[in-house]
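Take this structure first; my questions come after.
For clarity, chains are labelled A, B, C, D, E and F in written order, and residue numbers in each chain start from 1.
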Amino acid sequence: MSAVKKSIVVEQLRKAQLLQLLSKGNRMDGRGPLDYRPITVETHVIEKAEGSARVTIGNTQVIAGVKVDLGDPFPDTPDKGLLIVNAEVLPLASPYAEPGPPDEDAIELARVVDRGVRESQMLNLSELALLPGKRVYAVFVDVSVLNVDGNLFDTTSYAVVAALATTRMPGYTVVNGEVKKTGETPPLPIQTIPVSVTMARIGDVIIVDPTSEEEAVMDARITLTSDGRGNLCAGQKGQSGTLTFEHVMFAAQTSRAKGEEIRELLRKGVGSAKV
Amino acid sequence: MGRLINESGLRVDGRRPDELRPIKVEIGVLKNADGSAYIELGKNKVVVAVYGPKEVHPRHMALPDRAVLRCRYHMSPFSTDTRKNPAPSRREIEISKVIREALEPSLMLSDYPRTAIHVYLEVLQSDGSSRVAGISAASVALADAGINMRDLVVGCSAGKVDGVVVLDLNDTEDKEGEADLPVSIMPNLNQVTLLQMDGMLSSEEFSKAFEMALTGCRKIYEVQRNALLTKYFGTSQPSQVEEE
Amino acid sequence: MGRLINESGLRVDGRRPDELRPIKVEIGVLKNADGSAYIELGKNKVVVAVYGPKEVHPRHMALPDRAVLRCRYHMSPFSTDTRKNPAPSRREIEISKVIREALEPSLMLSDYPRTAIHVYLEVLQSDGSSRVAGISAASVALADAGINMRDLVVGCSAGKVDGVVVLDLNDTEDKEGEADLPVSIMPNLNQVTLLQMDGMLSSEEFSKAFEMALTGCRKIYEVQRNALLTKYFGTSQPSQVEEE
Amino acid sequence: MSAVKKSIVVEQLRKAQLLQLLSKGNRMDGRGPLDYRPITVETHVIEKAEGSARVTIGNTQVIAGVKVDLGDPFPDTPDKGLLIVNAEVLPLASPYAEPGPPDEDAIELARVVDRGVRESQMLNLSELALLPGKRVYAVFVDVSVLNVDGNLFDTTSYAVVAALATTRMPGYTVVNGEVKKTGETPPLPIQTIPVSVTMARIGDVIIVDPTSEEEAVMDARITLTSDGRGNLCAGQKGQSGTLTFEHVMFAAQTSRAKGEEIRELLRKGVGSAKV
Amino acid sequence: MSAVKKSIVVEQLRKAQLLQLLSKGNRMDGRGPLDYRPITVETHVIEKAEGSARVTIGNTQVIAGVKVDLGDPFPDTPDKGLLIVNAEVLPLASPYAEPGPPDEDAIELARVVDRGVRESQMLNLSELALLPGKRVYAVFVDVSVLNVDGNLFDTTSYAVVAALATTRMPGYTVVNGEVKKTGETPPLPIQTIPVSVTMARIGDVIIVDPTSEEEAVMDARITLTSDGRGNLCAGQKGQSGTLTFEHVMFAAQTSRAKGEEIRELLRKGVGSAKV
Amino acid sequence: MGRLINESGLRVDGRRPDELRPIKVEIGVLKNADGSAYIELGKNKVVVAVYGPKEVHPRHMALPDRAVLRCRYHMSPFSTDTRKNPAPSRREIEISKVIREALEPSLMLSDYPRTAIHVYLEVLQSDGSSRVAGISAASVALADAGINMRDLVVGCSAGKVDGVVVLDLNDTEDKEGEADLPVSIMPNLNQVTLLQMDGMLSSEEFSKAFEMALTGCRKIYEVQRNALLTKYFGTSQPSQVEEE
């Protein structure tokens, strides 16, 4: 991610060309400013995971897998299940990715995606407490980024959402104060489908779903996530450029509008899972 | 009417919805640093040191046309209710990144090619909105270090508690409220340099909270200015405003 | 007759002792990599990317007369029954080493002095024999990257379950069986490039298992060849064989 | 610390000047060999900590914070509470400090300060056992070094002592074999006030409380800690120079004499806390 | 280990000389291809360990120490004791060893030795379960490599085997569902003596027990471990050269033949321990 | 009369208060090292290797006017009653530092500019006073490596148990006694190179313990000398003294 920015030689000519196109409302790949690249959503791709999804946006490709286990609740939320989101930009995903623990970009990625899921209350974490204060469901969502071509935030977010929405977890119940396996595999308590929309400012233009090439020349990035009820639930401005107040309000509006479109697409992608 | 807003519309610490906590900014508090500042915002206590421009290590990280900016936001183990492990958490790593990106637009980094500028923020006590308090202090410390700037950067948060849009969330409001929206701006250039959000805000609430955060920023900017004037020109304008 | 071989002499997944699981090899699955391949062997799903020849970092690790080969075998946290910690385990470090040593003899590394070739294997799902499946895919990915080779490398395991020597152990057989013998070879040069073993095999069983693994390798080699032919010459030979 | 030594160009002229002054019993800042710089002690500086203190000696500035929690005792001391002292020389404290885990200098600092507190029996750790072998108080003392100008050992030691002496911890009691919160906030069981005195040998002269400048040219360092009853309770020689046997005996004597002075100062600094 | 390979300048002349000698069935130190250097086995060298052994093969020197404690079983083997083997090539062992966590060579070393012990069923791990699923013996074997001159695999393996075979562990028994110390120090439940035999291919010749000098020029390495009942129980090919199918079969045969010889030597080395 | 000193004034291991434990020093015990030594002091078993003078890595750490000295004190996991984690503990890091500072004054480092000298101490068994035993062995290993020296360095501890000042504390005395005072000196130059202390000693006890440690050092120095004479001049003086 940042490696991409640093390492791709930002050809000034290419940027000039890109800006010229954008000033006419066009992009290098023919899209309009507010068009996404094709999005594919494939679920149940990892049989050993309780939920999984492979999502591609253009050439960006991500797999999310969900493991559900029992765990101890956090002391400050004794009556809630655990949700842990991790992301790794694998070294096979780009010539600039390196093996090793997640760097600041991968940590930001995981945390922004986590916030979208958590703050939208996609999962009813209260229903995931078995013995409040003692024993709760622990939902681990791990993301392996396989190919990077821009907009990791949205690709990862959609993969996480699709994997969670199609998860069938090992059922437990409490009998006489003891946690017992039921043998059933209920779905997670899904309440809504959050959708993140990532926008880039390049010069004076705001575009959605930037490619790696566009990210290399963008001034600022903003990701806003909406829930299914018209609320914004997470936001993150990124990069060392600025946004005007008008840009922010435009981004808020755009994230809701595009969010509705993509929510439909995700709903179809997760199929029978009722959300 | 809920736990966080009482029947008089006042908040847990007695503030009105659009009221800042007491704020204090001091400059030049650390002798070794090239620039330094200290901020208290409510119970937040953040000290910031700037070192640089200085040599870049390792050298191959130097940029030929501008300075490298490095930021570290760190919490002392005793700064929180429960002891914090001193190793950097994922949260601290993310916040260090967004603070760097919030400060960078204000700095004339191309005036210092092949150097590094280090900004260290140490949260001695944390009480909600420590990142924006830290940004406000860091910008003043950068000015104290004599780094060429386009504008100061000033940060403030808004959010929602018990359904009410409020300014400058404290710890309780941050943890138990419905939404938090930290923002930083360059006040003279009218540019947003940091924006994060978590929680749930409708369109109208988002607009209102964003506006409120901008207004809060402008109030804190006055405190920054006064602190700098006092330090460098010895003016008598108070650098501490209980509530202006 | 035990738990792993039934009265008809069939295995837990219905295979005969000398039968491979369904296998599929795809080439060029990752856009950024210089070469890539994907293999499914039973429920194993392994994707491999090759980057290089490229600059060596740090530079003093470069070799004057040949390329440095680096391999990383890594399992995604969701690839196993119980979630795997994403940090490299001792097992992954050992397997990365033997995979590098299994691939290296096939490569004309002296054609690329002062460079590095990186091979990244990601196990998306693991189901026994993932290391040999990964080697078979990695060799195809190296061919896809255009690295000069003496031969392909192809891997397959044999072993013993319920006293019977069997081919291509699955997860259950690996964990509950008596022995596992993963092998990789260069099939045209008749050279062994990887051999590991754990479990208990008599002299005769070892010979038989080794022979069986070699036969398995030759079957998988056909799948590798077909995948490459399909990709590069568009031949219609199927790159997926359920059972040839 | 060591970075300071390595990085400050040790100007030979400066050292000569310093040695000449010292030979006449004077120092660059006008002090005599056995004079400390001004010491300030401020307690209750971190409201969220159970105890805290900011101590300055000259330009050296340190904050110590105490957190008291419940913990499991160490297997070899089942009937004692836990005391854990950590120190970080923060990167804001000096141009030579680096972010990262504590280096050998910071580890030595924390361990020498810990020894002074522990071996003086400042805290009656036996009183901090609630259920021997099972549940005890755990006293964490963390030190953030904010500005380095020599003599970190003493500055840190005084801050730790002042923070501990003014700590009010959450009270627990044992009722029918169970640990319960009492709602009270008793002080720690303080038995004495240990005082470390750090000396440097430069040439033939022993000085106390060296500045960074003096540390850059010192031959050897020795820290000796005395309790309030005339005993030495901890010692540490440092640096790659030597001490004669006479230097050691002089240092032992000096540490007790200066220790008495500073103990009075610390007693005043911690105010009403009865110690 | 790999450092040795990288750093020793592989003098081509020396290799030529070595190959010429080998073609006549001789080696630099006068051994035949299938001769080991002198092997010494000394047990009970660390009194504080429950078992220990120092083994030398030529100039290669290794100490293994066994500590036995109680532990929780692994979830997937609730009715078995734990066996954990670690090895460190200490920086004092060679000019090329570095301080730090075990590198891939040391990890491979420990894992191959572990496999030989584990898969041969040298220890009856089922007898080491005290309360199945709850409390079991945990057997830690740690190896400190003190001097490297080739064939670490066998030297380490023999030291581990000798240390385990002479271990007297603290005895525990289960009384009314509780684990209690018996005061006795029984031996570990030893079932067989596994013996690893490491061979190197140099050109067309297979030799056993390579020195560092021979390892520097070897094409491939193969270690095969046999138990005392004629079975092979572990194997590992190493290095970036190849073996023919005939080499593999020859190595299998050799490992059993040499294994018998060395098993006798180890049996003598561990003395009264009945194995 | 307490647990650690009996009615006859003898210690838990039968020694008189001013008596050393049996001590043995061997030289040249490791073939690869440039210098090496092995010491047994009671049940302490410490082996030391010296490598160097050699190249400095990374190169920018080299000093233009003298050698860099690096020391590592490490305990094998089996060296203590309870298994020790092999990763370096804070205690080992501190001890490595004070050992380096204890040895450095004895070495003519300026004879070896731009090089590094590495001293590795491995504690195979620990029984109280292992750091001073290690220093005594390390100095002999440095002599064995032919490093130019001003004097040997020799270490010994004194302390207090059951109110009695005693020499050379063993493990039990170290853990259950009242004070420990490890010291190292250059015996011909009469210089202290290491001094640490923990526990409680009055002025008089401190003086007495310090004197006793110095006397102990001089006894151990004879053992060092004899070991070197035996190794290099084949003299028949015993290098092992049970008690001289």
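In this section, a residue touches a chain if its C-beta (ideal position, glycine included) is under 8 Å from a C-beta of that chain, and two chains touch if they have at least 3 such contacts.
Keep in mind that what you see is a predicted model, and the values were worked out from it rather than measured.
Novice: Moving only between chains that touch, what is the shortest number of steps from subunit B to subunit E?
Specialist: 3
Novice: Which chains, if any, touch subunit A and subunit F both?
Specialist: Neighbours common to subunit A and subunit F are absent.
Novice: Show which chains lie in contact with subunit E and also with subunit F.
Specialist: For subunit E paired with subunit F, there are no chains in contact with each.
Novice: Relative to subunit C, which chain's C-alpha centre is the most remote?
Specialist: D
Novice: Measuring centre to centre with CA averages, how many angstrom lie between subunit A and subunit D?
Specialist: One centre to the other, that is 48 Å.
Novice: From the C-alpha centre of subunit C to that of subunit E, how far is it in Å?
Specialist: Chain centroid spacing, subunit C to subunit E, equals 27 Å.
Novice: I'd like to verify one number: the distance from the centre of subunit B to the centre of subunit C, where each centre is the average of its C-alpha atoms, in whole angstrom.
Specialist: From the centre of subunit B to the centre of subunit C is 52 Å.
Novice: Report, in whole Å, the distance between the mean C-alpha point of subunit B and the mean C-alpha point of subunit D.
Specialist: Those two chain centres are 32 Å apart.
Novice: Two-or-more-chain contact residues of subunit C, please, as numbers and ranges.
Specialist: 82
Novice: Can you list every chain round the ring, opening with subunit E and moving on to subunit F?
Specialist: Read cyclically, starting with subunit E and passing subunit F second, the order is E, F, D, B, A, C.
Novice: State the interface residues of subunit B toward subunit D in the complex, per the touch definition above.
Specialist: By the definition above, subunit B touches subunit D via 30-33, 36, 43, 45, 47-49, 51, 54, 72, 74, 76-83, 86-88, 118, 120, 122, 124-127.
Novice: For the complex, which residues does subunit A have touching subunit C?
Specialist: Result: residues 45-49, 52, 59, 61, 63-67, 69, 86, 88, 90-95, 99, 101, 140, 142, 144, 146-149 of subunit A touch subunit C.
Novice: Note which residues of subunit B are touching subunit A in the complex, please.
Specialist: My answer: residues 82, 90-91, 93-94, 96-98, 100-101, 104-105, 175, 179, 181, 186, 189-203, 206-207, 210, 214.
Novice: Using the touch definition up top, name the residues of subunit D that touch subunit F in the complex.
Specialist: Residues 75, 104-105, 107-108, 110-111, 115, 118-121, 222, 224, 227, 230-245, 247-249, 252-253, 256 of subunit D touch subunit F in their complex.
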